[in-house]
Structures are given as structure tokens and as C-alpha cells.
Amino acid sequence: MSSSNQSVASQLRKLIEDGHYPQGERLGEEAVAEQLGISRTPVRLAFRTLEQEGLLKRAGKRGFMVREFTDADVHCAVEVRGVLEGLAARRLAEHGMSSQQREEFDFWIQKGREVLDKGHLVEEDIQRWIELNWNFHELIVCSAGSGVIADAISRNNHLPFAAAASIVIDKGKLSHEYRKLQLAQLHHELIFQSLVNGEGARVEMLMREHALIGIRYSELL
Amino acid sequence: MSSSNQSVASQLRKLIEDGHYPQGERLGEEAVAEQLGISRTPVRLAFRTLEQEGLLKRAGKRGFMVREFTDADVHCAVEVRGVLEGLAARRLAEHGMSSQQREEFDFWIQKGREVLDKGHLVEEDIQRWIELNWNFHELIVCSAGSGVIADAISRNNHLPFAAAASIVIDKGKLSHEYRKLQLAQLHHELIFQSLVNGEGARVEMLMREHALIGIRYSELL
Amino acid sequence: MSSSNQSVASQLRKLIEDGHYPQGERLGEEAVAEQLGISRTPVRLAFRTLEQEGLLKRAGKRGFMVREFTDADVHCAVEVRGVLEGLAARRLAEHGMSSQQREEFDFWIQKGREVLDKGHLVEEDIQRWIELNWNFHELIVCSAGSGVIADAISRNNHLPFAAAASIVIDKGKLSHEYRKLQLAQLHHELIFQSLVNGEGARVEMLMREHALIGIRYSELL
Amino acid sequence: MSSSNQSVASQLRKLIEDGHYPQGERLGEEAVAEQLGISRTPVRLAFRTLEQEGLLKRAGKRGFMVREFTDADVHCAVEVRGVLEGLAARRLAEHGMSSQQREEFDFWIQKGREVLDKGHLVEEDIQRWIELNWNFHELIVCSAGSGVIADAISRNNHLPFAAAASIVIDKGKLSHEYRKLQLAQLHHELIFQSLVNGEGARVEMLMREHALIGIRYSELL
């Protein structure tokens, strides 16, 4: 059944992300089926799904292994997201926003201000940020007028660290994370400013730079 | 068996591209299995593969339909390729080419000159161009130092008209097509020139513009 | 009198461009005044004008010398024009053209087609091209809505080879020059296409690339 | 004498910037000469200098008036600086920094940290910032390997608000200005990071965005 297939793929994805199946590990249908307490067919289908997503690689005849990611891979996955979200944002700036889209952007920007206005982060803010951030990015991608860009982004998002939603907020260093989110919020507001003013070239570059927050800014904040 | 699964997906892709299964058509496992003279399981797997590629969409419980593409979709698919190939080319310019890569670029550029130097096209040139063009693009994508960008491009390439290899050369208008290939060749040479000189920003923009040859230049040539 | 001052500066500029006063040559007020058959005051004023334009450099107490330009200088002057014209074109794409501006672009593009449609160049075409090309570039710069960009371009245009109008068409190689103008015409049409479609990022890059025709394309055509 | 000519032009520039001669005001040689207590010839020369810089415009036969600047003019002047400094930074990234240049960048970045590390601004910090900021920008422009870009920037810098050095720091709102400088410092560090990594396209866009701090960020900070 399709929904359970999806959920097997999700379970596997989570186990890989959590390091339960570490990078480079070989996965056999039978062993995984046993661990999840299901039959082999849905596991086989899920393996194929994760192979297409780039999380598993074929190893030997029927086997798979968890793909290993170098620093260059992680960096490229983030840059791929940057150029694709940049393309979506540029198209939106060139075609103009509807007043409803404008209100929705405004809504998520206000949500961001609410998180940050008190001057520090508490633990519940992490979930609030993840949600508003996801909605802000989704809004750009969905407003660009074609599912093709959204598809390309969502396929790339399966890679570890690639998704906008994969922003890592360290609970143990909330005061340090505060400055990162302050900057991410400023990026959101500059992106909105450019969209409102129809500045396509500028918003494309801002989206690209925004994607780099997770991997290039930590050493500077 | 994996290889036959792949080949069922390929067969289906071809039948869709050729319009045998037109856009919007519903496909049933049983009917397709019968037409191809195979059992239902490989068809089911191939359906899932093509769904992930974006060529099929779920319709109803177990059914699928051939996805319909608007002009905006085609345009976006080409732009997606442009920004991704642009990213690969920029990285290559920034990191520098090896002398072997340089020789390979030179080789495919010479091949292009050989096709065009006689001043007109003959029918066999079409296949020669498709091959050299594919190799030129592959070289850029593979030289960028990570499989992640290559994966993103190859997933997008499943969409109709998106792949660099999908360049359409009209056998009935060879003298008209000559000018298009002349321009594509000039693009290749400018891209190579930028790579040699380490001009990352320039080569990124040239790759993007190059991707548009199929959809934005016909009205001008 | 102001107009004669201007004309002394023009005369000097021409004499430098023609190589009558070669790069590196020292110029004295008295000698130049004598050669032009005028008094020293207008020569002194013209020297100051050309110093600000970057054509003369101070040498010693009251003297000047013709500035020497390296290949890097020429290259930079062309790139400066490219980024400034690119900025003007981007602004125009973002703000939208009036229907009158659109007609004027169309007019100069038609003029270009008329020059090229007969399939070869005759000597009178050179002057026709210089005129239509100048008007096309002027239209972009003047349509951008502020004299500031136009001023920056016109100051840079005093440098040798920097101006769009300085395109060199070799009378002795008209059949070779034909292909260069064909390409320049295609650039003009792509720029117009981008402006019509509000593609700011694209038109900026096309203008930059267009500026390079004089210095980077000769080896490829 | 040349040096005193320069100083008359400087005096006039200052009087215009301070609003002593407001925008739109007519200036006569005689009146200005009297006010400055000098003869008319150096005033006439200074008028011509400021005309070429774009600060004065001819009005009537021998007269001049202080040029009026619209918001669009100010915006364009800042964008002109952005694209020119962006060009210089891109060239530097593409050609690579010498280890001495790298040390100098590092030096001015450390100076910036020293200003900001204590967590607030005191009045003397304004002068320290202006100096380090000017040096940072000068370093980029002078490292680009040709005086041509530097000349174009310095000519544009005569316009009000255009120069990097014209950053306005409001003594009355030092706690508010602190955040602006914090962001400017982050820009400097990101620019340095891109230069070190040879990221030409990225550093060009960062320089452009950096130029906008004075006019587009105030509403967001």
C-alpha cells in the first residue's frame, strides 16, 4: 500500500539521519525487514526510493549501502538549494507578488520578529523558528508559478543538511544561536524588501547567500 | 532484476516522450504490462520510478497518469538546468581545470568545429552534434567535484526538453539549424575561454544563457 | 569661451586617439598652443579636462604626459562600461519600458537588420552601424531614470576603446566584420527580448557580455 | 598653482556638502571669489572641476548652479559604487590575493572587531570606523590591478552619499548605530572569506549588497 511504503521510506530516512545506519553501512533487505518488523517487499520499494533520492547506493547484486557524503557534497547540496531557491525568488520578483502572497510573507516575517523581539531564545523558540522558516521558504518556492522548481528543490532536500528545514539550532548554546537567527531574520526581511521592489537580480543573490548561513557563517558569528 | 526494471522505465519514458502515451492519459498497471508483454511487478516499480522523476502523477488509488506540462513548466525545467549547470561551471572556474580536463574540452570543441567548418549541415551531423554536445555538458558537470550537482541535473533531465541532450534539430530545415548550432558552438567556446581564465561569474551566466538556446533563440535566428 | 574650450579638449582627445601624441609623450602648454594656433589659457583648461578624464597625467611641476594604457587598463575600462550599462539595463527591466521606449528600441533594431539583411557589408554600412549602435546604447542609458549612471558611463567613455561607439570595424576585412556585427545585432535583440519580459538579472549579464565583443570575441569569430 | 586649485575645489565641495550653497543655488565667480578671499581665476578652474564631477551644472552663459539630486540620483550613485567595487572585488578573487594583501585585509578586519568587541560605541569610535572602513574599501579597489576602476569609483565618490567614506553615523543614536556597524563588519568578514576562497561571483554580490547598507537597511535595523 502506497502510504505504508512512504512511511517505510520515512522511517529509513530517519534512521540514516540519526546515524543508526551510519554512512558506508551495507543494508540488506532481510535484516532491515526484520528490524522494522515488516515484510521484504515494502523494504525493497523503500530502498529504491532512497536510491533515487541519493541516500542509498547500490552495492553488489541486490544490496545497498548508505551513501557517504564528503564536505564537498554537503557544500554542493547547500549551493544547489541556493541556486534553485534563488531562481524561484527571481521569478517571483520579475512576475510580481499578489497582495495575498505579500500578506503571507508579512505574516511569517512578523512571526520571526515575535521570536526574536524578547532579546533571547528559549527552547520552545526552536520549534517556532523551524515552522516559520519552513513556511517562508515554501512560500517563495510555491509562488514561483511552476511545480518544476519545487520538485527539484524537494528532491535535493532529501540530502542531509540540504533542506532549509534542516537548520541546526543548538539547544546548549541558545545565546550564540540567537545571533544566527537574528541574521536569518534580517535575510528574510531583505528578501521580502527586494520582492516588494521587483529587484530580481538582488533577491536571487540574497537567497543564495541565505542558504549559506548554516555552513559559512558559524565561524564568523 | 534491476537491469530489466531500468529498461522498463526507459521504455515507458520513450513511449511518453514519443506521445504514444499522451500528456494527461491514465496508465493502468495491467494494460501497460500487457502492451509490453511483461508481468505487473516490473511495471509497478517503473511507475514509481517515473513518478519520482516527475513524468507520472498518482491518479486515484493505485493508478497513475502522464503528467501534463505547461509552457511555464518547460521554461522552468530549462532554467533549472541552466542554474545547475551554471553552478557546476562556476565551481570549475573557481577551482581551476586540470590539464587533462582542458584537453578534453578542447577535443569536443574541435569536434564541433569539424561539424560546422564545411559551412552547412548534412543529416549525419545531427548525431555527431548530439554526441559532442552531450560530452561537453557532461564534462562540465563531472568536473565540478561532487556527484550532488550531477544528480540534481540528471533528475531534472527526465523532464521533457530539459536535458542538454534534448536539443531538437529539425532535419527538414538544416540550413536554418546551421545558424543555431553555430551559436551553440560559439557559446561552448566562450564557456571554455572563461574556464581557462578563471572567470567564474561570467561562465555561470554563459551557461544559463546557453540553456535558453532551445526556447528563446528560435524567434531571433 | 566655454564652447571653444570644449572644442580644444575635443581636438586634443582626437590627436591622442590618432596617436599624433603617442602614449607616454610629454605635452607642454606652449608647444601645444603653438601647434593649434591658439593662446595658452584654453590649452591649460583643456589639459585639466583631459586630466580628469584620465587621458593625461601630471608630469613634473606644470607639465602633463599622455597616459599609458596597459592591456589590463583597456580590459578594465571595457568591464567598467559593461557593469554600468548592465546596471542601467537592469533598472530599466525592473521598472518597465514605456511604449515609446519600446518603439525606439524596435526602430534601432530594425535599422540593424537592414544593415545585415543583404548578407554582407559595404563601406557605408560602417557609419550606419556606428550610428544605430550609439543610439541603441544611449537609449538604455537614458531610459534608466537618472543622469548619474549616464555620467559615470560618459566619463569612462573618454578612455580609449571603452566607449560602445569605439567599436572598431576594419574596412579591409568586411566579410570578417560581418559576423561580428551579426553577433552584436543578436545581442541587441536578446537585450530587447529581456527588457520586454522584465528579466533584469538576464539583461544585466547580456549587457556585460555584449561589452566584451570588441576584446574577447575576435579570436573566436 | 595646482595645489591651491585643488584646495579651492575642496573648499567648494565642502561648502556644498554642508549645505552652505544649497542644491539649486546659482554660483557666480565673482561672489564666490570674494567670499573665499581669492582671485577669480582659481574659482573658475574649480567650477570646471566640480562641473566634471557632477556637483555643478552650467546655468546661463558663464554661470553655474549647484546640482540638485533626487532620491533616484542618490540611489543610483550608491548602486554605481556597488557595481564598480563589486567588479574590483571579483577581479581580485579571480586573480588571487598576495599574502601581503591578505595580511592587510586581516589587519583592518581586526580593527573593526576592536571597535565592536566592547559591545557598544563611544564617540571616538566613529572616527576609528571611518578610517578602517575607508582603508578596507581602498584595499579592494587598489588590489584589482588597474587604476581604471579606481578612477571610475573616485569620480563617482564626489556625489553626495556615494562614497563608502560617506557612511553617516548618528552621534545621537550610538546604540542604534552599533547594530549597523556590526552588520557592516560582518559584510567585511564575508567579503574577506570569499576573497580567500576565490569566490568571485559571491564576492561581487556581497560588495553590491554592502553598498546598500546606508540606504536600504535603516528601516530594518
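All chains are identified by letter, namely A, B, C and D, in their written order; residue positions are counted from 1 within each chain.
Convention: a contact is a pair of C-beta atoms (placed from the backbone, for glycine too) under 8 Å apart; a residue touches a chain by one contact, two chains touch by 3 or more.
These figures come from a predicted structure and were not determined experimentally.
Peer 1: Taking each chain's centre as the mean of its Cα atoms, which chain lies farthest from chain D?
Peer 2: Measuring from the centre of chain D, the most distant chain centre belongs to B.
Peer 1: Suppose you list every residue number at the chain A-chain C interface; are over half of them used by both chains (same) or under half (different)?
Peer 2: Chain A vs chain C: same; shared/all numbers exceeds half.
Peer 1: Calculate how many whole Å lie between the centre of chain A and the centre of chain D, each centre taken as the average of the chain's C-alpha atoms.
Peer 2: About 39 Å, centre to centre.
Peer 1: Between chain B and chain D, what is the separation of their C-alpha centroids in Å?
Peer 2: 47
Peer 1: If a residue has to touch 2 or more other chains to count, which residues of chain C qualify?
Peer 2: Residues: none.
Peer 1: In their shared complex, at which residues does chain D touch chain B?
Peer 2: These residues of chain D touch chain B: 90, 93-95, 197-201, 204.
Peer 1: So in the complex, which bits of chain D are touching chain C?
Peer 2: Spelled out, the residues of chain D in touch with chain C are 2, 45, 48-49, 52-54, 58, 62, 70, 72-73, 75-77, 79-80, 83-84, 86-87, 91, 144-149, 151-152, 155-156, 159.
Peer 1: Which positions of chain A touch chain D when the two form their complex?
Peer 2: Within the complex, chain A touches chain D at residues 183, 186, 189-190, 193, 202, 205-206, 208-209, 216-217, 220.
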